[in-house]
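So, here come the structures, one by one.
What follows is chain A paired twice: with chain B in the first complex and chain C in the second.
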Partner chain A sequence: MKSIAIIGAGIAGLSAASDLSKKGHKVYLIEKNVEIGGHVAQWDRLFPSQKEAKIVVDELVKNLNNRAEVLANSEVQHCEKKDNKFELILTGNKNLLVDTILVTTGFDTFRAQRKEEYGYGIYENVITSADLEQLFKKHNVVCKTGNPPKRVAFVHCVGSRDEKVGNRHCSKVCCVTAVKQACEIKELYPDCEVYNLYMDLRMFDRHFEDMYHEAQSKYHVNFIRGRLSEAGENKDHQVVLKTEDTLAGKPLKLTVDLLVLMIGMEACHSQKSLNAKLGVRSDTDGFLSTKDIFTQNNFSNTDGVFFAGTCTGPKTIPETFADARAAASLVNAYLMS
Partner chain B sequence: MQERLANSFDPFVLPYTIGLVFILTYLFIALIRVVKALPNDDKLKLLKHIFSLKIFKSGWEIFMECLLHRKIWKKNWTLGYMHTAFAFGWFLLIILGHLEVQIYAPHRLNLPWYPIFFRYFMMETQSTMQGAFFFFMMDLTLLYVLSGLGLAIFKRFRRKAFGMKRTTKLRWNDQIAVLALWSIFPLRFLAESFYSEISGGSFLTAGVGSIFHWFYDFTANEIYVRPIWWAYSIALGVFFIMLPWSRFTHILSEPLFIIMRNAGIREEHRNSGYGKVEIYSCSRCGICLDPCQLVSVASLRDSAAINYTRHLRLWKSEKAHQAASTCLMCNRCTQACPVGVDTAALKLNTKHELVNLHTTDQYNYLNTNAGADLQSVPSSVDVIYFAGCMTHLTPATKLAMTKILEASGEQFRFIDEEGSICCGRPVLLAGARKSANELMEKNTELFNQTHAKTLVTSCPICYKFFKENYDLNMRVLHHSQYIQELLKEGEIKVNPTAAKIVFHDPCELGRNSGVYDEPREVLKSVGQLQSTAYDGEESLCCGHSLAAEALPYRKRRVMSEDAVEKLTTNNPDILATACPACKKAFSETNKVEVKDLAEIVAENLV
Partner chain C sequence: MKIEGKKQIWKEYQKEIPDNDFFYVRSCIRQNLFPASEVIFLKILREELGKNVYETPHHTTCGGIGYHSDIVPLETVMTIIARQFALMTEAGFENYACSCITSFGLYSEIIETWNHFPELLEKTRKSLKDATGREFNIPKTLSHASDVIYKLRNEIAEKAKYKLINKHTGKPLKVVEHIGCHYSKMFPNKGVGGAEFPYVLQGMIESWGGEIVDYPERRHCCGFGFRQYLIQANRGYSLANTHKKFESMEPFEPDMIITNCPGCPFFLDRWQYVIAETEGKCYGAKGQGIPVFTYEEVAGMVLGYDPWDLGLQVHQIAVEPLLDKIGIPYNPETKYQGLNGKDLGEPEFPSNIRCC
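Take a look at the complex of A and B:
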């Protein structure tokens, strides 16, 4: 029986774990957090179908059917390749000897405090898109005072496509997430005014354009092309935004009750310390470098180490699943050869 | 002492004499051109300076800097000794040579080559043979210069022994000049040694001469060693002719530069004459290379001050523009420069030239209706607080300042709470002098209307500009100074904490405005202030200066990370600064908690 260690029990890790265990391999699923399910488990509903994130994660867990050994709350401390096998030392001095490794370490969300000018952590009514999902889950979308917001603004590209924070890449999912969240706010509070401050809207995938259309026609969400320059706070703890409507060519001042920062994806920080141990490397954007961007997208430069999911760059959930299934079949082929 | 030859001329003096005539003519023409290029009021300043007692101060400075190289001694003793040996040693040789002629052959003073080739034309008589005072002094001085030469050669191989990690590469013109310079003294030494049996010498030349004599008696065949005098003369001639085309132009221009600077002349327009003298005063010693973080951290060697002046000298304006617009204007180079070349001022002119091709009347709207919401009303408050646009991007600082001002009980107005226009310095640093002036005029009008007594700002960039370039009817303080004043007068009180704090001096506040002590006093009252190797004048640039429009963010990031690394070697709890740009730069690195000193004070108010 061949064995495999999957690092990261997000949706990519869970999906690959169930595929590989079904093939009869011994799968160790290593997760640094206590809970499995990664970022998706923290989300309320998912674009484009508004399916509950919890259901997606539950389906994955059900598919896995306890066939894999889940090692939650543990991190890889050390890794060494010995005669075509990998020896892993996990926290708590647990040792594993496996035939192959699948890296599914995913991404970190951008730390919004780094854009101090947007006031996250300074002004009480500035939250991130991830915070908003938590509020949706708790059915408690309100301002700090407990009152429902009368005016909400979403800022796109916070920590993405921003040279100043060292991230040139697009995080792909934030545009459509902002559209989704804007519509959800309008569903909750039809009288609330909702604004989206964007650079350009990247509605690239199936149904996205429909969502954008519906946001305008059905929900009357306002879209303003212009980046937020700075946010301030007035005496009532409302957030005062300074921006420019670049289509109208005019400076704009906007006072909102709630400001939502669409934080982007960054390469997983704890992954970086693993790079040298696994013999893999990060690209200039911080995400892992694949053997070939077209034909060997799941291969690392180390024989026996594979990649799946957002550790090789931002992906939507369907893309992540496709990537995880591809990786699982490649890993299987590797183990059978 | 008597003349050895009836003839006071020998053809070998020609190379030297031609070189001398050339360089004196060049100097005369250059001087006229430089003075002509000065604006009229600068000409007057120069004239006034020359005919005042202050000229003695300039003379003293020329002696201390051009000859003794005092500032280089401060950096490194070996390096100082090397430069002084060449400059002061050679100067002594010239003076002593002329004294010899003055005393022993005064009728030959009109022959410029006589003091230089003294031991060819003159000989000692029996009565003074072996150790005449002047021969001894001349030998001693020559030995001094030769020791400097030895160090210079050694430096080419082991520059670390001279406290330098990097130095300049020699181009062909410099190579010829350096080779000529390096040959002058050994050739003189050889010539005088060979002739010591004929004309006499002292411990050095006579000593070595007697060894030569042991091999062969040259006294009978003087003709065999005559070519050494030729070589010596040619080396001098080549050096003089190469002077204007090499790094050694500074020997001629630096004294003039010192006089002009002391006369109060500044480079305000490109090609004003002063700027030319300044560029030519750069000796390409390379001392500015190590302090420049663009060179040491960001690998942009072409942007170093030394290479910028070179681009200007060679009329490579494209490269000069590139260097100027990647420079962060932290002034670490000017701080280190032994000559005091202020490249920041020169760079502003370079940028000005480029920018003004494209911009016209950008800020016209200030006096129209669009600028109407910038109306400031007179009020009775004594203190006005101007956060500055960069501080609006680090709101934690402005909130901290509001809290402190409120706690002090002082009546104040936050004048740019709702918005403001730029102080103008970033615009000026980008080269748009005219636009900066428009902004300055409007701001001056707004501030003066308030009739306040004190203007407090949180931004060192605004502070420097308000303080130095504005004409305001109030005193201007950076918030670190104002907080220090409040603490001293007991207007606010803070709880001391055990937090280990390192303070980073922002370039604009420290090196460029001279405010070093107040921030430290404030931090000492609220935490455990640790010192670093980069305190005060040695402060690093954070990488986020507004001056470098063409510097890519990735390069800036490398510089910020390097600076944080260097500042946090003692693992402080907080890296404190007093500038929004520095704060942003350091926070980005994610290595240590970064705070403005106002935040630390506000958190610990009693």
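Take a look at the complex of A and C:
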């Protein structure tokens, strides 16, 4: 029986673990957190169908059917290649000897505190898109006062396409997530005024444009082309925004009850130390560097080490699944060769 | 407002501030606007705290006003600044401390430029040598004078006779702070606390018993903005900026304003009078204004100096209501007497803003 260590039990890791274990391989699924499911497990509903994120993760776990050995709360401390096998030492000195490694470490969300001018962690009613999903899950989308918001603004591209914070890349999913969340706010509170402050809307995938259209025609969400320059807090703990409507060519001041920062994806902060252990490398944007961006997107430069999911760059959930399935197929071919 | 979030940011913006042996340079305009502030800085450091501060009458303007008005070219400014540094070098000092925020911003900008373009540094060295025969070292530390007072704030607090507390209520005074655009907006890491949530003035106020008021337009320009005021036709912009700030801070009912820039206290102080005269609007309690201070003046107040020795009688907004709140004694009879007892004459009183 061949064996694989999959590093990261998000949706890419779970999907690949399921595929490879069905092929009869021994799969170790290493997860640094206590819970599996990655970022998706923290989400409430998913674009474009509004399917519950929990159902998606539950389906993956069900497909896995306990065929993989899940090593939660574990991290790779050491890795060495010996005679075409990889010897791994995990937290707690657990040793593994495997034939191949699949890296599915995913991404970290941007630390919104780094955009100091937006006041996250300082102003009471500034939250992130990830925080809002938690509020949706708890059915408790309210301001700090406990009152429902009467006016909400979403700021796109927080930590994405922003040279000041060192992230030039687009995170792909934030635009459509903002549209989704804006509509969800309107579903909860039809009288709430909702504003989306964007650079440009990247509705690139199937159904995205329909969502954007519906946000305007059905939910009357306001879209303003302009980035937020700064946020302040007034005496009532409302958030006072200074922005610009670049289409109208006018500066704009907006007072909202809740400000939602659409935080982007960044390469996993622990990736660099893992790279050194696995003998792989990252690109200038921090995401993992593949053997060939077109034809060998799941291959690393180290024979026997493969990549899947958002560790090689921002992806939507369907793209992540497609990538994970492709990687599983390539890993299987490698093991059988 | 979550103070823990601010503390996280403050941790990231700490700078090296020496606690002794300063080469001190004054501002071009502060002595006219707030005549005692620089003298009080020297008195506090030398007489209260026993520090070594050197200043020379040979220093000049840094060229900042001309530079920011597009009158003086960059190369000239570099050479002017090189001459200032030469005076420091000749006096045997390494810690440069300046009174003016614009100078501080400009010194930071020039040193940073020299770091990135060493050929400009060499060119400046040659220009200075050719013109004056002088040579210079770049300062080991560059501090704004408010950095120095911030560094020594707890020593000042230990010697303080008064606290920034309302003696009638026992509550901390609510203080608005305004750091001035050139302090850290250009180089956030050069200022204590950075640019978005600066700590330099807040640290002083906390040490001296007061409480900072945060308000939405806290970061906005005071209204000086150089071109907004220096060009007469633009002065409406200057007034509009100041008006915007006061409208924003008014709901928080601040007791006073502390500043660390030459222009900011002037505009925040004088434009209150103009707004009151033109609009009939006053932002303080009981038809009064909100008094505006330099950080040296506030340090002098808590140390118990005579308010008239601090030059508080030349403020547009009367300071007596605040002195009464804190419990600082003053003699109304000597308010308009010069240091030698000479009668300076009483100003004309405003019609719409109460003085006491």
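The definition used in the following text is that the second predicted complex is superposed on the first by the 337 of 337 C-alpha atoms of A that agree within 3 Å, B and C clash if a C-alpha of one lies under 4 Å from a C-alpha of the other, contacts with A are read in each partner's own complex, and residues count from 1 in each chain.
We adopt the following convention: a residue touches a chain if its C-beta (ideal position, glycine included) is under 8 Å from a C-beta of that chain, and two chains touch if they have at least 3 such contacts.
Computed from a prediction, not measured in an experiment: that's the story for all the values here.
When both complexes are superposed on chain A, chain B and chain C clash. Shared-chain residue A:K2: touches no atom of chain B or chain C.
When the two structures are aligned on the shared chain, A:G166 is found in touch with chain B, with no touch to chain C.
Of the two partner chains placed by the overlay, chain B and chain C both lie in contact with A:E116. When the two complexes are overlaid on their common chain A, residue A:R67 makes contact with neither chain B nor chain C. When both complexes are overlaid on chain A, the residue A:K22 reaches neither chain B nor chain C. Shared-chain residue A:E124: touches chain C; no touch with chain B.
In the superposed pair of complexes, A:K235 makes contact with chain C only, with no contact to chain B.
Comparing 44-52, 62-70, 278-286 or 332-340 from chain C against chain B in the aligned model shows that the clashing stretch is 62-70.
Of the residues of chain A, those at positions 113, 116-117, 119, 122-123, 230, 232-233 touch chain B in one of the two structures and chain C in the other. Those residues of chain B whose C-beta lies close enough to touch chain A in the complex are 392-396, 399, 417, 419, 553-554, 557, 583-584, 587-588, 590. Note for the complex: chain A touches chain B at residues 111, 113-114, 116-117, 119, 122-123, 163-166, 230-233, 242. In the complex of the two chains, the chain A residues touching chain C come out as 113, 116-117, 119-124, 230, 232-235, 237, 240.
By the touch criterion stated above, chain C contacts chain A in their complex at residues 1-2, 4-6, 8-9, 194-197, 214-219, 248, 251-252.
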